[in-house]
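Same chain, two partners: subunit A is paired with subunit B first, then with subunit C.
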Partner chain A sequence: MTSFFSVFYLAIFLPVMVILYNVCPKKYRPIVLIAGSYFYFYSISGKLLIYLLFSTMSIHHIGLWLTDIQGERDGVLKEAAKEEKKAIKAEYLKKQRRVLFFGVMLHLGILLVVKYTPFFATNINTLFDAMGINITLTIPKIMMPIGISFYTLSAISYIFDVYRETIKADKNIARLALFMSFFPHIMEGPICRYSDTAHNLYKGERTNYQCLTFGLQRILFAMVKKMVVADRLNDFIQEVFTNYSQYDGGVILVGAVCYTIQLYMEFSGTMDIVIGTAQIFNVRLPENFKQPFFSRTISDFWSRWHITLGTFFKDYIFYPLTMSKPLKKLTTKARKRLGNHLGPMLAGAIALFCVWLSNGLWHGAGWQYIFFGMYHFALILTGNIVEPYSRNLLKKLHINKEGLPYGIFSMLRTTCLVIVGELFFRAEGIKAGFAMFKNMVFNFSITSVKNGQIFALGMDKHDFLIVAISVIIIFVVSLLKENNINVRGEIAKRNIFIRWAIYYAIIMFIIIFGAYGRGYTPVDPIYANF
Partner chain B sequence: MERLIEILEDIQPQADYETCTTLIDDHILDSMSIIALVAELEEEFDVTIPTVEIIPANFNSAQAMYDMITRLQEED
Partner chain C sequence: MSVLKKVLKCVLFMTGLVVILMVSGLVFMPKNNMKESGIEDFQTNGIRSEKKNTIDVLVLGDSLSYAGISPIIMYKDYGITSYVCGSSGQQMFDTYRYLKIAFENQKPKYVILETDALYRKFDMAESIGSDVQGILPVFRYHDRWKNLELKDFKGKAKYTAVNDHKGYRYNDTIKGIPNKQYMIETTEIQDMTDLSKNYFDQIAQFCRKNGAELILVSVPSVRNCNYKKHNAIKKLADKYGVEFINLNLMPEEVPIDWEVDTRDKGDHLNHTGATKVTSYLGKYLFENKELKDHRFDEKYDHWNKSLEEYLKTLETAKK
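Entry: the complex of A and B
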């Protein structure tokens, strides 16, 4: 069982879980979910389940440790004179910071060792080689438990929130275990916050008609995205990105566009199945996508794509850094010298750099991911710097920034920039990324399309047509959502014949046009490898 | 309150701070403005604004910011 789209998951595991969950008395339902989640994790990562158990136990302990310090502080403060209070608070804050540092480093340390050791060892060897030092580090093969990049961030957010006293440490280790391991979100997120999900998950609310139908509809829509579009594109994308040197710029451009479509369909489709599954258990998980291709700027794009990762970085890296004493001082000084616009940009740039370096590295241990992060850092920073100048220019040119024509132009510009970023992201190494980009720009030609060579690379004309039709359907649904039209709500209002006609049409669409069986290679869960 | 509105107008002049209650929701104040604003408020009102206070509810209107500053001054 490696994918949410596997027959075992959809036809056996999920139905069994739903039945067991609902036949059990309310108080035992969280236990059913924990047992099922651990079974799911074990079926993929085996004994590496120990990592998840360790993380759960450690955040339980660290949370209570922080609460003890906070409780002790409150007791001392009650007895203290007014003038002593500031010093007491500072003393206990130091104690808390030490525990926070320990907790965060413990989790980051495990992630660094498990995920990045081969990357660091390879780069050290290259460096030694270049310097003529005759030492070669052995590159270890470390097995990585599924979802470690996701549940580690959930664990860190829990420790931080207890430290900040926005949540109380949970004494109930079973609730924490379920928050960390809930099987729909363990593999690819969304990255959940304790305050949003833990208590709802543990309530054990029964499945009702509305959450069952809404959940199933969302799973069905996910299957269109994944099985009809993402899987169909897979062979073509693999061919173009593996043998890129054999193709002209036109093919590379189509490959880059197709990969961006595939990534969106695979990841947002997985989020649909994850959130849909949770909904069947009457649990609401946070959304991870909000029509990202309607973004007018790159900054806007990242507030609509992988939303829970973006908000994690904003809340636990960007603001803590910019709100730190040295950067606050820098902002105050820089504002006086450089003014209101460029002044805060210095501290902001330092924090943004850290955010995007972390974002790049989080996606994988490879230079192409670091480049991907730096590319978006440069785009966002440039966007921030030129914003007032471009606003003035548009005013002088009498172009309405809020109007539809400029809106469409902005969306297309953002999409083009995203496609370039994804080209480097998918490329097999940084060198390959640059070679493909160079080829796409300087060797652009539509010969391969004209002579039909492009239709012999894993996708024929019919495949392209099916993908195009599916993308148009999904685009229309996104357009309706962007205009605040609740598509599922609207379908639910129709009479039974129309409703079932729509459901059957979608099921038939998946059965007829889904890329499964012989001759197709389904795409692996892309984000599960991050 | 008057001083607070002066600071806001200095940082981002294009808003009606007397009435607007959606400064963050409508992207009138972005993250860069918040960085400048927090540094300025701390200096002007002699308070420390911890990261945990950087939430839309505290920055959506001048009144919300004023309430936050008053609360933090009392806590200090």
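Entry: the complex of A and C
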């Protein structure tokens, strides 16, 4: 089983799971889901399942440990005199912080070792080499369990939430096990919060007709995105990003645009199949995308793209940092010197820098990912700094910021900035990224399109045409959603002939235009490797 | 809506879908077996246009089969008519499929299975997928949307393209490696998967039912053959009572010089290697099996034409 789009998953694993789940009595359904999820994880990562089991057991223990401290504190506080309470609270907060630190470091430590050791070792070797030190660290090959970047964040959020007392620690380890391992979200997220999903998952509600049909429809839409668009673009993108030095700027630009499309279609398509699958089990998972290409600014983009990662960073890095004592002090001082606009921005910038460094590193152990993070940090910070000035300028020029023309301009500008970022993100190293960017800007030409060379790089004219048609269809659906029109709901209102005609048309569209079978290499689950 | 009504709706929807898939299969199915018509493995599918009941020996397998056995050389030397239904990376479910395709129009007396296919791994989903593609060809030929013509919507398939090489794929590239002993004797066994064995069982039964003798042949390959595999195949052959000829263990009869007889460093044979294998195999079959020399039989005149074309190819290649 390699991906959610494999024949084994769609034709065997998922139907068997749905049948088993619904045949079993309600109280055994969570067990069916846990067993199926562990089987799914084991089929991909084998014995590395031990990492997931360890994480589950450790957060269970740490959660209860924190609760014990909180319980003890409450007991002591009840008996304590009013003037002692503050000191007691501070003492117990310290204790809790130590446990929190231990829990978070345990998980981050595993992630760092498993994911970043080769990156750090390579860079240390380069540094030693540059300094003329004759020491070479051996670069270990560490097997990484699938989805570790996702479930680690879920685990950390659970520990944090128990510490903050926004949730109570769960005594039921089976519920935690299901929350951590639920097979649809284990590989590429969304990064779930315990408070949103754990209890809902463990309820074991039966599949009903509506959730089955809606879930299946969402899976179909996912297949259009992944199989028709993302997979069809794969060979072309592979060729352009591998042999970029052979092509002019026009080809690089098309490659960068295509990669942005591919990344969106692959990741949002996977989210559709994940959420659709969960829906079949009568479970609602959080959305991870909200029409990101309708964003007017980069920060708006990141509130619509990989939403659960963004909110994780916001809740567990940005806010704690900005609310920390040192940064609060800094804000007060900076406000006096720099004024009310730039003053608070200084502390915000430090927190924002940490968020985007983490974001870049989370995506992968490579300088291009760190650059990607810093690129977006710079864009967002610049946007925040110039915002009042640009507002004034627009006012003077009598341009309505809320109007459609400026809206379209903003969306196109954001999309262009995103495309540049994705170019660096996909490039094979930061040097390659800069070389491609330079080529795209200073060696721009449409000769390859004119002479047809571009159609011999893994995609012919027909392929480009079908990708364009699919993108237009998906754009129209996104436009409707952006205008709060529920497409699935609207289809469901039509009579059976129209409904079935639409379903048959989508199915045949996937079967005929899907890039599967001989001669095609489907794109690997991109985010599963992060 | 009652449960019964919901179930009925689902059944009706699925029936409608199957009908649409079957009808579109008629459109997407290639209407001929030449490369231009979009058929997969056009060399392999050349078997479809061989004259009825004229093939005596059918060869199945992966690329080792079509790189190592040349039916036209066998015909030139012994008058044996054979066809290689081998294809790139052929997995056992495809081997079984091509066996059935070949028997639609032919009644070969002998079926040679090149054994490398036994070691090609696949999962249940792939084999089920292949069966589904057989029933609903739109899944196999969906990519033909790029080249559909009006005749695809009304015409019936008619296979007319004769493959003069009879499934063999000529290649005279030389990319040799030093000669070394790669068949080191051992009692260890490198077993094939249960799925492969299962398909082998189906192939053996099919041959028995259709009166064809199954023969296992391992074409020389440094990269793909070893003694552990030999032991496993021997065990399988003994179990089914079929003959097993491992040409990797017969350097005197098939004197492969790995410095010149391979096109890719010992993975596949090239034309000189294939000539050596075919010469031995042809002689062996002619002397030990009940096969007729068809060279002077008028019914097989088309083979002489293919031989002429084949010789022309050789001459062109030499130039």
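Just so we're on the same page, the second predicted complex is superposed on the first by the 530 of 530 C-alpha atoms of A that agree within 3 Å, B and C clash if a C-alpha of one lies under 4 Å from a C-alpha of the other, contacts with A are read in each partner's own complex, and residues count from 1 in each chain.
In the analysis below, a residue touches a chain if its C-beta (ideal position, glycine included) is under 8 Å from a C-beta of that chain, and two chains touch if they have at least 3 such contacts.
Everything numeric here is computed off the predicted structure, so don't read it as measured data.
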First (subunit B), second (subunit C), both or neither touched by A:Ile12: second
Partner chain in contact with A:Asn384 - subunit B first, subunit C second, else both or neither: first
Touched partner set for A:Tyr209, first subunit B, second subunit C, both or neither: second
Contacts of A:Phe424 with subunit B and subunit C, given as first, second, both or neither: neither
First, second, both or neither for A:Tyr503, with subunit B first and subunit C second: second
Residues of subunit A contacting subunit B in one complex and subunit C in the other: none
Interface residues, subunit B side, partner subunit A - complex: 10-12, 30-33, 35-36, 38-40, 42-43, 49-52, 54, 76
List of subunit A residues in touch with subunit B within their complex: 86, 164-166, 314-315, 318-320, 322-323, 327-329, 331-332, 335, 340, 343-345, 347-348, 384
Residue numbers on subunit C that touch subunit A, as the complex places them: 1, 6, 13, 16-17, 20-21, 24, 28, 40, 123-126, 128-129, 138-140, 142-143, 145-146
Contacting residues of subunit A [partner subunit C, same complex]: 6-8, 11-12, 209, 460, 462, 500, 503-504, 507-508, 511-514, 516-519
